[in-house]
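Chain lettering (A, B and C) follows the sequence in which the chains are written, and residue indices restart at 1 in each chain.
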């Protein structure tokens, strides 16, 4: 059976430590529309507390009366000054209800849950981020963490793909990343429109633009289920080792605490042992990819 | 801890006295079968029942329970759920007792599930030794659940006109002292108990073709067996197997609101890995879309995953899923077939 | 919205027994507070007033006449949300059984020598005529499910219509399985939400709520055959409420 490494663990937000299913309330302080389907919510924790999360972790977000949904934390711990951000795609009941909320409204929260990225172990290495679509939301947390302690890392390469230019997330940040000398950013869309002058094709078509030193590179990817196999093939083709590949996997994480069973991948609960895994950890799990 | 003797009339008095202070549940007749239900009178009990439709799990992890209540105004005002009354569960068979020990481990380890644990703490278990197999589907002897050394507060063995009562916990001792007029067992009683117990074992047969200690490896080696595809073709994905299982603990959580659209509650209810929506995410992707893989997942959990995680087997041999399956998918059939395939292949 | 902020709802009937609307009236008796949440502007079965400014339309009954189509389209034009109420509207239900026979024969059988006075065509669910947002299945609908759907619509949620089989509810009610009793039952392939009411009262499920979205058709047919049903009996039991859907599927296959 697969051994899952244990990383430094974060604490659950104190309010829910007694009853793991009881959310605490927090206020939405800002909502930024991002695309037709996505909005970014800035949420302020009560009493100026910090969430204490790791990049790659997720929250269970409640709109009372509608339900609860797992949403990855999109802001980096380095920028969490009593607030954090969630990039939410309107796709189900809860996220639709979230989209109808306004600044000043409250949501219920549980978390942070799961095992985030072991980014302390990435120090000194080159990082190759490959987010696809909404997969940028959790990876943005790690990217900004890395950029805020930039000197600790080698190259930062980002290959980002979206279906069309209108679905690109965090466009202002993409622009800022692109303007930095110490970030190598490549962006592609599956289908271009008249405004688009960049690369056209799926995210894997960007690999041809980069060359890396594989022994010192960590490959990090998150995206729709169909994407992983193809990105993995590119990572392998570049020579990145299995233990240096990290994936954040989507599952139906309902309880967040390893009980309800919905997120199970073979014997592994994604909400507890994931959603971030190294490829070495999951390659023996048939149901993972 | 110690052994006491309770005559059958004294047992009825014991139950009658419990009813004054406890919610008492036990096996009762229901539509020609048996269920665990709350009783109001000792005469409702059928302590010699073969098996029940649903396991006694429903008193610890209810089919549906309120996790908390809320008011939708101001983003949510949360209120605690109603409390469970102190409960005595009577007539629990040893297979179900083993299942409850697993549930205890699951809900008290890792993140502590206060809803289960509070209910469990308020529940006293009076189990009963099985003296014959329920029917052709039970395979408790193979699973090592034909008796139990722990997990009960009091454990009964039917000696004919009286019960031998094994005291398992301090709480059980106090319950017996306070509510029953039992006498300590003498040498003769112990001899009768020994005779009854030694007579029971031959009535049960081993139904697995291999020792249960091999079950995890039989399953692991069977991951790629063509058997799963065959089960998937037959399986109706009706979830009867998991709904009647004493060890299944997967659940769903949903919000309900009153028509005033203000008051509501978050409800937890049993769910099943056999249903299409179980591993489906909001975007529509189903991570376990085939019935074959869902059946495999169920059996892997029963015989391997749960054992690895919680040190208890996820199957206790009660046979309820086998009785419930319309298309005859049974654990004995599956485990033995995997074993047979491996023997034939090696 | 009406001036009081409550959404306006209306009920309409086409070819049906009106039993689903009776169930609505019944659920109003259990939940009179529903009238605090919505304003009913049209409900022929229950009131004589008539308003045309509704946002939510509940439609009972199948479309069985060419001339029904214009009325359905007008409802669709007005309503923001159209809900099919019950098996006739949702599936065409038992009304579609007539399409198993030549139409002229059916008309003569029903109307005798005046058969050509009455307009009719093959019964169809309303979604065959207009887009339908949601369906409340059942013959008749379940009163609790009706209330649950109204609440969901008011909250902007997708109505909680289960997509799992009746067996789930039946087992949790600790009913004895109909197959254990030696009877056949369509519970394993039929959409739950009714609380397994028929098996609970001793009758087999006849799939009035339609099938779940991914039923194991081959396996249930084997089960019915093993129970001793002939092919014709299997078709009869299987198509009591789903003749329209089964025919459509066969027509698609050619």
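To be clear about the criterion, a residue touches a chain if its C-beta (ideal position, glycine included) is under 8 Å from a C-beta of that chain, and two chains touch if they have at least 3 such contacts.
In this text the structure is predicted, and so the values were computed from the model without any measurement.
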item	value
Higher-contact pair (C-beta pairs counted), A-B versus B-C	A-B
Farthest chain (mean CA position) relative to chain A	C
Whole-Å gap between the CA centroids of chain A and chain C	43
Averaged-CA centre spacing for the pair chain B and chain A, given as whole angstrom	39
Interchain centroid distance [CA atoms averaged], chain B/chain C, Å	38
Residues of chain A touching at least two other chains	65-66
Sequence positions of chain C contacting 2 or more other chains	155
Chain B: positions in contact with at least two other chains	254, 257, 261
Chain B partner contacts - residues on chain A that touch it in the complex	1, 12, 18-23, 25, 27, 62, 64-69, 91-92, 94-95, 105-108, 224-225, 250-252, 254-255, 257-267, 272, 286-287
Chain C to chain A touching residues, read off their complex	155-158
Residue numbers on chain B that touch chain A, as the complex places them	67-68, 70-72, 74-76, 78, 106-107, 110-115, 223, 249-255, 257, 261, 264, 266, 268, 271, 273, 278-283, 285, 287-288, 293, 297, 300, 304-305, 308-309
In the complex with chain C, residue positions of chain A that touch it	65-66, 93, 96-97, 100
Chain C to chain B touching residues, read off their complex	31, 33-34, 36-37, 147, 150-151, 154-155, 160, 163-165, 167-168, 171-172, 174-177, 179-180, 187-189, 212-216, 218-220, 222-223
